[in-house]
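We call the chains A, B, C and D, going by the order they appear; numbering starts again at 1 in every chain.
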Amino acid sequence: MNIAFIGLGQMGVPMARNLLRAGHALRIFDVVRAPVEALAAEGAVAAGSASAAAQGCELAFTMLPSSPQVREVYLSAGGLIAALGPEIALVDCSTIDPLTAREVAAAALARGIALADAPVSGGTAGAQAATLTFMVGATAALFERIKPVLAQMGRNVIHCGESGTGQTAKICNNLLLAISMIGVCEAMSLGSALGIDAKVLSDIINTSSGRCWSSDTYNPVPGIMPNVPAAREYQGGFATRLMLKDLGLATEAARRAGQGVMLGAVAQQLYQLAQQQGLGDLDFSAIFNLYRPR
Amino acid sequence: MNIAFIGLGQMGVPMARNLLRAGHALRIFDVVRAPVEALAAEGAVAAGSASAAAQGCELAFTMLPSSPQVREVYLSAGGLIAALGPEIALVDCSTIDPLTAREVAAAALARGIALADAPVSGGTAGAQAATLTFMVGATAALFERIKPVLAQMGRNVIHCGESGTGQTAKICNNLLLAISMIGVCEAMSLGSALGIDAKVLSDIINTSSGRCWSSDTYNPVPGIMPNVPAAREYQGGFATRLMLKDLGLATEAARRAGQGVMLGAVAQQLYQLAQQQGLGDLDFSAIFNLYRPR
Amino acid sequence: MNIAFIGLGQMGVPMARNLLRAGHALRIFDVVRAPVEALAAEGAVAAGSASAAAQGCELAFTMLPSSPQVREVYLSAGGLIAALGPEIALVDCSTIDPLTAREVAAAALARGIALADAPVSGGTAGAQAATLTFMVGATAALFERIKPVLAQMGRNVIHCGESGTGQTAKICNNLLLAISMIGVCEAMSLGSALGIDAKVLSDIINTSSGRCWSSDTYNPVPGIMPNVPAAREYQGGFATRLMLKDLGLATEAARRAGQGVMLGAVAQQLYQLAQQQGLGDLDFSAIFNLYRPR
Amino acid sequence: MNIAFIGLGQMGVPMARNLLRAGHALRIFDVVRAPVEALAAEGAVAAGSASAAAQGCELAFTMLPSSPQVREVYLSAGGLIAALGPEIALVDCSTIDPLTAREVAAAALARGIALADAPVSGGTAGAQAATLTFMVGATAALFERIKPVLAQMGRNVIHCGESGTGQTAKICNNLLLAISMIGVCEAMSLGSALGIDAKVLSDIINTSSGRCWSSDTYNPVPGIMPNVPAAREYQGGFATRLMLKDLGLATEAARRAGQGVMLGAVAQQLYQLAQQQGLGDLDFSAIFNLYRPR
């Protein structure tokens, strides 16, 4: 298939590479030259703009840092929506706020173009191994059309509902994830302060009502589990600054919707503090450092 | 075995009954007459005081509402520790703060008496079905001695470490449980406000990093799961006022230990608000009501 | 002087009227007809658009609900900046986020037009009595130019610094105001719960280190002060929904600036809850209702 | 007058010295020898116990670190209440929880002894200069009896109501103080992050609705005011660890009373974090350090 891939950051490069490996004719664009040249050397065709990349393709993916770039690439005068027609389907894999996602999809629809929001979870490791999860907001028809290609970049491809629901699913999950992670940090550090063995406590929690992914799969306390960021000084994983970004999207979406999210707002402030204290580039489980003695 | 059971509230009665059914000679005491008479009719022997009940027994259990009653029953002039000798082992199943638990155990030890803290989880349903979880703080020797009898009242009997660690395990788990539960309420209500189907969102969360017991086993949103309190207007289950009590124990223990528990403190205040708004006797998942439009 | 006034809501109408009374030739515009007709009957000249109103004036004021309207009026194709030249000075009295304020001022400057942000405090009563406070972000030259006219609508005209600082001053003050107000509610309700007379406690606070405007000038507890919203069931004053709006601006600006505002975020959530519970149209001191028994 | 003073810490020594200077015959006791010897050298008579010091006096003051010491000195077998009779009046200047204060007063009353709670504010500087504020919980008769002597150690002597209301007034004021102080830190640091001059912003706040003691008298931002702890690297003043203690008393009293104090609970956690980060011995305005870049 003729496919365009626009936005070649840490996530975009391995995702695009998986499409190349699957045999697609890939046209690429990014304002940064290095990843473009790397992928061109592997067989992709570099284009001079997002619109030029997408011209003549059946499918175009974008993977951009945040809403302003998404607006620029899709909605500007020379952007994708103005330049393309109904023959292409667009898939935005960026993590942005659901309202912007819906707005962009509506603008595309007004020109007869189908656009899906399909943010991912799984991190760079998942992007490389093609084990990402895609949360897709799209019509049923569009979902069926793009699912086989998404499946070449990920393991789980979930249809969440109409436009914007992919973004909604991601930020709601990550809101809960941040809260749970901090909850595990508090429960574990309180236990240690009160004298219970950390391994014993985590075993109890993992078979009790406190059980959660942040405890049983991704425990933030060093010494509890191997092969998690806590076991390697919080290197790798899902960066604190990215969690902070997602919490910003969630609380801002909540504000616009008039929906209270008290623990979410406090979690955002704690991640803000963690970032201020220099933990921004470490895995988000490094927020455990806010809870231990210095 | 000759066993005393002191404290016959909603939990104590079915626990004591399970000991009777297991064939033990049971001596009982409570200041309230009705449950004493009910169990006496089933074969237990009523005594005039806690000490009188425990006299001559190999094992005595207490199940009391909170620290002041525990202090009174164990530490007062005519209390258990003053009245008994090293031949008995004492097991306090009350949920109290770990510092008081350690203090009482130390007072017992000073008279040569072994005392375990063994708070439970599982609620009245678990007490009746003998499926409780016991979290036990005790020496290894005492744990081995009491484990077979605890197993007649529960399904899981966990050794958490020395004195006070049973209480610590319980309040740390419940701290995390409260935080997770509120986190699920926020994620689910935000999702609904943004237009994603609640069942779809919970399915995504339950297979993603937001997965937790409060979402996949005890979801607080009506219509997601059958057989949970949310499916029956939050009747039954673990009452909001009891969760509020446990959060009070956790944050107070944290304060004394100089340990920060920001989300825990906020969760306590939210449960305080829930109680103030009339939800105190409903299951603790009813805190979802704070998040939906009225 | 020839002056335009654009945006005739609850604040705009009395402000414009004060300019009329001061003898200015006033040209007005709003999309809603009723206030336009009312002011036209008092001598103002109605125009068909914001740009038409401002044409030929020395000064134009805008008083709009929020950022999107400000963007539309100033930045759209037929908007003020495109339609006007350097002979006019523009003053935006809307309360919006400081970043948008700076962006609009920069767009004006690019066309040689001086633009000040001048949000107000004092409410509709202050607008009517011409006792508003204006917090002005502008160059020194522009400030001197507009100050005499602002003084015809208000009592205090404060120069806060360059573009955006008027907005910054307002949202920072209101952030602190919201926090203090909730702090007074908590201190007073805790005092009452512990049995101290509310009047005695407020007298002590007002001569001690807890002293603040929310306690000594605008006490939220009924029965403490006359002539405050608490004395008239929280009618009038500064509405909860407007405080919620300002807290949203403050926390969103903080987020973009990477600045932590923990109590501010919690205050925002409490005002969100107050709004959800039906207090949105009452004065912002009505948040006291979250703290008393029902 | 024959007066006993028990508890000679940093506050007790200068308070006792002011009584000596006023010409009273002073009998003193503390478990630490150094301050006892210092005051004995100035004319006080050292006694071997609290009860021995109070024997034969008309008035006895206590100034102790926290509730357990107050319980020990007043309620133990050889304590003040057991050893003394109705001829003495007792005044506890310690800061403790209101419930313990009431309990001790009730125990004294049961033996016919009048006891007042009279916690102070003003710090060691106020103790030395005899400018303390006393918040007194006592009957009207007892208040009149002790007021003249309190006035020799302080400038303001306030009758707050019956037993415990002195403590209540103090912890409610300090709850509000902590919240306001953090509010000022957030408003000022947000303003700086958004580019307004700190001095300009504090001037605006101090004449607006954000005005409070923490801003206009004790500003936490270095460079705004002279002669405040912020001007001397937060040395002196009211220590963070003492504010943390008072917040613990306030939130624990709130918990027992079933009263919500959301911002107070969050403020306590922020002070806990400040202490954990090494700010415990600095003035409580040093919490500003949590809000600035490192």
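Quick note on the criterion: a contact is a pair of C-beta atoms (placed from the backbone, for glycine too) under 8 Å apart; a residue touches a chain by one contact, two chains touch by 3 or more.
Just so you know, these numbers come straight off a predicted model, no measurement behind them.
S.K.: Count the residue numbers both chain C and chain D use at their shared interface, divide by all numbers used there, and answer same if that is over half, different if under half.
M.R.: Counting shared over all numbers used gives more than one half: same.
S.K.: Which chain has its C-alpha centroid farthest away from the centroid of chain C?
M.R.: For chain C, the chain whose C-alpha mean is farthest off is B.
S.K.: Nearest whole angstrom, what separates the Cα centre of chain B from the Cα centre of chain C?
M.R.: So the centre of chain B lies 51 Å away from the centre of chain C.
S.K.: Could you give the separation in Å between the centres of chain A and chain B, each centre being the mean of its C-alpha atoms?
M.R.: 39
S.K.: Determine the centre-to-centre distance between chain B and chain D, using the mean Cα coordinates as centres, and give it in whole Å.
M.R.: Averaging C-alpha atoms per chain gives centres 38 Å apart.
S.K.: Which residues of chain A are in contact with two or more other chains?
M.R.: Residues 258-262, 266, 273, 276, 290 of chain A each touch two or more of the other chains.
S.K.: What residues on chain A touch chain B, complex-wise?
M.R.: Those residues of chain A that touch chain B are 98, 121, 133, 135, 156, 158, 160-162, 164-165, 168-169, 171-177, 179-180, 182-184, 186-191, 193-197, 200-201, 204-205, 207-215, 217-218, 250, 253-254, 257-264, 266-267, 270, 290-291.
S.K.: In the complex, go through chain B and note every residue touching chain D.
M.R.: 248, 251-252, 255, 258-262, 265-266, 268-269, 272-273, 275-276
S.K.: Quick one: which bits of chain B touch chain C in the complex? Just the residue numbers, please.
M.R.: Residues 266, 273, 276-278, 290, 293-294.
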